Each structure stands twice: as C-alpha cells, then as structure tokens.
Amino acid sequence: MPLSARNRLAGTVRSVETDGVMAEVEVETDGGQSVTAVITSNSVERLGIEEGSEVNAVVKATEVMVETE
Amino acid sequence: MPLSARNRLAGTVRSVETDGVMAEVEVETDGGQSVTAVITSNSVERLGIEEGSEVNAVVKATEVMVETE
Amino acid sequence: MPLSARNRLAGTVRSVETDGVMAEVEVETDGGQSVTAVITSNSVERLGIEEGSEVNAVVKATEVMVETE
Amino acid sequence: MPLSARNRLAGTVRSVETDGVMAEVEVETDGGQSVTAVITSNSVERLGIEEGSEVNAVVKATEVMVETE
Amino acid sequence: MPLSARNRLAGTVRSVETDGVMAEVEVETDGGQSVTAVITSNSVERLGIEEGSEVNAVVKATEVMVETE
Amino acid sequence: MPLSARNRLAGTVRSVETDGVMAEVEVETDGGQSVTAVITSNSVERLGIEEGSEVNAVVKATEVMVETE
C-alpha cells in the first residue's frame, strides 16, 4: 500500500543486532551506501528481518536534515 | 564536528522548493537514489542551499523504518 | 509490503488543508478518535488523498509518548 | 498544561516490557485500537506506568504518515 | 498531566512566524539559549502562543542527537 | 560542517547509561538546564562520549513541541 513517506532506499540487510527492546539493523543500499535503522526487536521478529533480507529503508521527509560543506 | 546521527548520504541538490515556513529539498545521492528533506526555509537561506550544492542528507537511526517485500 | 512501523490506525480522511510545502490531513479513525498528520503537499497529490479517502495513519513506535493523569 | 502535539489517544496500558534503556508500552485505545510506544525505562518508572494505567498516547502531527489502499 | 517526554526547557516566546500550514516559534530559554520549534499554525492559534508567552519547549529524548567537538 | 538542524545546546555530559542497543546520555547545558538524549550505544563508543565530555545537544526544529501554562 502506498505510504506518504517520501524516502525509500532499496538494499540488503548486512547485520542485525538485537539486545533488549530495540534492535539495530544495518542496510547496504543498492547505491552502495550504508543506512542504520533502530526498530523494535519485536518488528525484527515479526518481519523476519535477517542478514541477507532484501528490504527498503524508509524515512519520512521531515526527519531528514541537510548538511553543507 | 562529529554527530551521533548514524546516517549521512552524500549527494547533490537537484531542487529546492520554498513556500512558507518550510522548504522541500531534493537530493540525488552519489549512489543514484533520491532523498527528500523537509527543513525550514530559514535553514535553506542560512546554509545557502541551492540547486547543485554538494550536501549530505543526515538521518538519526531511530527515524529509519524497514520495509520487507 | 510489511513495514516495521508498529502503529497503523485505519480511518477516513475528514479534511485536507494544503498551503505551501506542507499539508495537514485530518483522519477520523474507525475507533472514533481524530488523528492529524502533517505530510508534504506533494504526497497528498501523489497518493490522491482527499476528503473521504480510506487510509491508515501510520506512526513509528519511537515517536509515541505516554501521558499519565 | 496544554501541549502543541495534536494527537492524544486515550486508552489503557495492556503491557510494559522493560529491558535495558528503553521500554515498550502497549496501549489499547478507547476506540479499541492498539498503539505501541517506545519510551525510556526511566520514564516508565518516573510516571509509574504499569498494566492497567489510564494514559494518553501522544504524537506530534509531523510524525504521522498516511497510507492509502 | 505528566508526559514521558524527558526534555522540558522553560522560556519565553521571542517570535512567531506563521505562513501556511506550519509556524515557526522562537523560544529563549531561561538559561539564555535559543530553541526553535516548528508546529502547526493551528496549534499556535489553539494555544494562543504569541511573543512574550511563557512556555516550555518539549522534546522526546529519542529526538536528541549529540555532537562532539 | 553546518547542519540544517536549528537547535544546538552546548553543555557537559553528566552521565552515560549503556544497556543493550541504546544508550541514555544526560547533558547539563551551559544555561543550567538538563537535556536527555537517547542515541545508539555504537555512537557513544564511536564518538567517545563519557562523563565530562563537552558536547552539543542537537535537535531538528520539527521535533520540538511547545507547552503553555
């Protein structure tokens, strides 16, 4: 189902670290950049996210900052 | 100065749309993926963000969701 | 596609106010409670969101606070 | 004290899971929908949140996404 | 009513800029530091926020980043 | 490098609590107010954040709410 969140980066899960309520998921995007997501351990289990899973990293546009050099 | 935010995607600004308090900035990452940021119009002006600017799109890991197929 | 965001409240769009880059969408949930979303005007247009649309209001669990009485 | 956050869903705490710095709180809203909040374990303790507590789930409007079918 | 959000900085509103759906509110904290909030124009009106209002700037702990030098 | 995030409160780290994926960092701002940040334990380690570190607490303006009395 289409979601209003504007940013959706396709990639592959490189690692999942679960310890306590939260889990850290490392995604290597198809563009070769690394994106880290912190989601609940329950979501990791519910969605069956593991090393090698094909996923999208999704971010609402209001959560993105811009840094200049 | 180093920032705790884990995600920093290098890219080039493709468009800036400013209307009212908020502005929408479209960044094409070096990996060829598009990222949209919504920041204040004041920040756009203060940082001199315009089409062609070399920037990083920065996102805190707790703001990233994971979508499976 | 399944998304890690834990909260998904089904409802009906009661109003859409678009002015500038951002839009305000009022959703009446099936439980009879009102939820307001602020998303980009571009997403409103892209998803065809209008009064009467059947939608889900989606929120990442890390964005929810708890208030006691 | 009135807060600018637009969304306030009244409900009852169904479970609290505390493990490490963060805690996961499940709220059943009066409308019969389930909302999960991830807050600090310190806040759970400070506010005395436990199964059966009457609470509001509070969300800033900029954190709400809209999903269409 | 007590809220789980951990950060509450007391201060005085120095300016309110409303243009479109969103408004920008500048708060000078009692500690002499400036904090900018972007909230809906509807909330500004509903809460009667204006120059000189005594307010708290409230932030959930998961939204705070740390920058080292 | 300049960042679009509008809020940057200078201060000193008073405590760091690491347990699992996430860590809680307490900052006393130069204005004498306390700010709590929840960031990943990996960031705490990567940036070498510890009691006594001089840091900035950084917050995007869209994450700040306003509370009136």
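Which chain is which? They are A, B, C, D, E and F, in the order written, and residues in each are numbered from 1.
Following the convention adopted for this analysis, a residue touches a chain if its C-beta (ideal position, glycine included) is under 8 Å from a C-beta of that chain, and two chains touch if they have at least 3 such contacts.
Just so we're clear, the structure is a prediction, and the values are computed from it rather than from any experiment.
> Listed by label, which chains are in contact with subunit A and with subunit D?
Intersection of subunit A and subunit D contact lists gives C, F.
> With over half of the numbers shared counting as same, classify the subunit B/subunit C interface as same or different.
Mostly different residues: under half of the interface numbers shared.
> Rotating subunit B so that its CA atoms sit on those of subunit D: what angle is that, to a multiple of 5 degrees?
180
> Could you grab the centroid distance between subunit A and subunit F? Build each centroid from C-alpha atoms only and quote it in angstrom.
Spacing between the chain centres: roughly 23 Å.
> Indicate the whole-number Å distance between the mean C-alpha point of subunit A and the mean C-alpha point of subunit B.
17
> Which integer distance in Å separates the CA centroid of subunit B from that of subunit F?
Centre-to-centre distance between subunit B and subunit F: 21 Å.
> Which residue numbers or ranges of subunit D touch two or more of the other chains?
1-6, 19-22, 24, 36-40, 42-43, 47, 49, 56, 58, 60-63, 65-69
> What are all the touching pairs of chains?
So the chains that touch one another pair up as A-B, A-C, A-D, A-F, B-C, B-E, B-F, C-D, C-E, D-E, D-F, E-F.
> Under the stated contact criterion, what part of subunit E meets subunit B in this complex?
Those in contact with subunit B are residues 17-24, 36, 38, 62-63, 65-69.
> Give the list of subunit C residues in touch with subunit B in this complex.
Contact set of subunit C toward subunit B: 1-5, 19-22, 40, 42, 60, 62.
> Enumerate the contact residues on subunit C facing subunit D in the complex.
So the residues of subunit C in touch with subunit D come to 5-10, 13, 24-25, 27, 29-39, 43, 47-49, 53-69.
> Can you list the residues on subunit F that touch subunit B in the complex?
1-4, 6, 37-40, 42-44, 46-47, 49, 56, 58, 60-62
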